[in-house]
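A, B and C are the chain letters, set down in written order, and residue numbers restart from 1 in every chain.
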Amino acid sequence: MPYEVHTPVFDGPFDLLLHLILREQVELYEVDLSGIVDSYLVELERMEQFDLEVATEFLLIAATLVELKVRRLLPEDREVDVDDEFGLWEERDLLLARLIECKTFKDAALVLRHLSAEASRSYARRVGPIEDRFIGLAPDLLRRVTPPDLRDAFLRATAPRPVVRVDLSHITPLKVTVAEAVEEMLDELPRVGRVTFRDLTADLVDRIEVVVRFLAVLELFKQGALDIEQARSFGDINIVWIGDPDASADSLVVDAYEG
Amino acid sequence: MVAEHVTPAVEAILLVAEDPLPAELLARLVGTTVAEIEEVCSTLVDEYAADERGFVLARVAGGYRYQTAPEQAPYVERYVLEGQSSRLSAAALETLAVVAYKQPVSRNQISAIRGVTVDGVMRTLQQRGYVDEVARDPGPGQAVLYGTTPAFLERLGLDSVGDLPPLGEFFPDTAVVEALERGLRVVDDDDDTTGRPG
Amino acid sequence: MVAEHVTPAVEAILLVAEDPLPAELLARLVGTTVAEIEEVCSTLVDEYAADERGFVLARVAGGYRYQTAPEQAPYVERYVLEGQSSRLSAAALETLAVVAYKQPVSRNQISAIRGVTVDGVMRTLQQRGYVDEVARDPGPGQAVLYGTTPAFLERLGLDSVGDLPPLGEFFPDTAVVEALERGLRVVDDDDDTTGRPG
């Protein structure tokens, strides 16, 4: 089962704020203040090198948000200082304008990515004159080459290249499904009552079959049909049937695992 | 009517060129006009396409050059192995987008738009040859101003920066702007009570 | 009947190749037979000639490569003389760098590092007087080993090879280099169709 770990790393406070507002569809005022501040602090901690300018920007934006929120939550004060309120609107508009500009260029960058992906499918001919009669004509080819150029060229030449072919021979195709394994165990377990995992998998050859059998055990455990005991770490697992003695595969809903 | 000798001469020169060749240079070498070169090249583009050749004549970075047809990429990659080993990061692409659309532009201006310092990313882009110093701000401080390079255009397969889609196309649509405005509300829209219920 | 995909694939691979490519290699890259490659190439030779293209598909040194048509030589010469091409191609520079840093080194070792055959490039570098044969591998096969020449050092303003810039931290460790040398051979060790020594 393929799975992905999503840990977005934000490139800056705008990135984070855009994410908070747009992608998560979070109404910032519904999030508690500490939640907003926490997100910013998490990002600050994640920054590999502490960059004072970015940190300040993070703080400034977090502070603006907090101020906006406080302003919203407090009972309307008719006596509020007009200058203060005007200042707040101004700050908010500035933030909004900067967010919109940032978003504009983020979207433009997607087009650049697309263009570059398209262009990389077409390789340029960079061979130069190859016939002897032309090679002799050209002036000194090393004229503009410096020793650092040479070093860079060597590093380029020896840089690891992406693997061209993926070797799939180590991936065993799934021969058995979890559902089949469950069915097999239902044949035997209610009758035997108790078995160790080692015994249960003694006749299996491929590691993947053992894994599938293990998933089947977990599946039945989840359904409350059996109990699992393991006396010590890495010790053998005792499996005890505690379900209906007449259980059949039909009575249990088994999730399909995609291999 | 294009003189007979022009077409094969252009093909021959382009075959030994390592960079895109501007029409002006081709015209000078072949002894003809720029207009004639453009006509010849555009005919060649069509001919190669009609003949379903494995190569194309592309107009890139202000010049013409031979490239492999995009559909042949899988076969070419088997031979070259290198592929596009270096994908550009999101940060690099966003920075490039700012430079491309706002050039000439200073590092501070880019930082302001992206909301982060861009020194590291700009250094990388400069090392890779995608951006370069193009001028100095005439104002106080004389900040270095940056622009994109021909290598950037080659990387994107563009003839000139003018071929980038207009920036206006990327202005967020109303729904997004509204979402942002909602996210940054100063007061509640339905601000009719002082103590908000619920 | 030749499969449809073969012709453009062959054209695309030949377009980016610096060295003449043997039909055997082309057949393997495109996934067809040597006979079919020979048929395709011979058809292409005729087509380019009939269309009076400025380039020809030539059979050289046991392989195929694109060359300029002999009648276009005056224009190509003019281009070369103008100095527009007066720098080493990226491939040639990389090959020269490998020789400089790993000398004495055999052509097979260089091919393995670069991931492509380097015969043509090495010939150019040798003609230019930048590299030369310096020894023979004492092992079986006695491959020719290459090194850089005094002229090369002089051009770069270096006293000795020891004055080359240190590779520093960027240099992938030996294990990576060895894996590259082992894993990335385009031409198999037992493939002697190119008639290479060693």
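Rule of thumb we're sticking to: contacts are C-beta pairs under 8 Å (C-beta built on N, C-alpha and C of every residue); 3 or more make two chains touch, one makes a residue touch a chain.
The structure displayed is predicted, hence computed values, not measured ones.
Summed over C-beta pairs in contact, the chain pair with the top total is A-B.
Of all the chains shown, the one with its CA centroid nearest the global CA centroid is B. At the far end from chain A, in terms of centres built from Cα atoms, lies C. Centroids of chain B and chain C (each the mean of its C-alpha atoms) stand 30 Å apart. In terms of their C-alpha centroids, the spacing between chain A and chain B amounts to 29 Å. Centroids built from CA atoms put chain C at 41 Å from chain A.
In chain A, the residues that touch at least two other chains are 123-130, 134, 159, 161. For chain B, residues touching at least two other chains, in rising order: 15-18, 55, 66-69, 76, 78, 80-82. Taken in their complex, chain A has these residues touching chain B: 11-15, 17-18, 20-22, 25-29, 51, 53-54, 57, 65, 68, 71-73, 75-76, 88-89, 92, 95-96, 98-113, 115-130, 134, 159, 161-162, 164.
Contact residues on chain C toward chain B in their complex (touch as defined above): 7-17, 29-30, 47, 51-55, 66-69, 71-72, 75-76, 78-80, 82, 84-85, 87, 89, 115-116, 184, 186. Interface of chain C with chain A (complex): residues 12, 15-18, 65-68, 73, 76-77, 80-81, 83, 85-98, 100-101, 113-115, 120, 124, 127-128, 130, 152, 155-158, 163-167, 170-172, 176-177, 180, 184. Every residue of chain A that touches chain C in the complex is listed here, in rising order: 123-151, 153-161.
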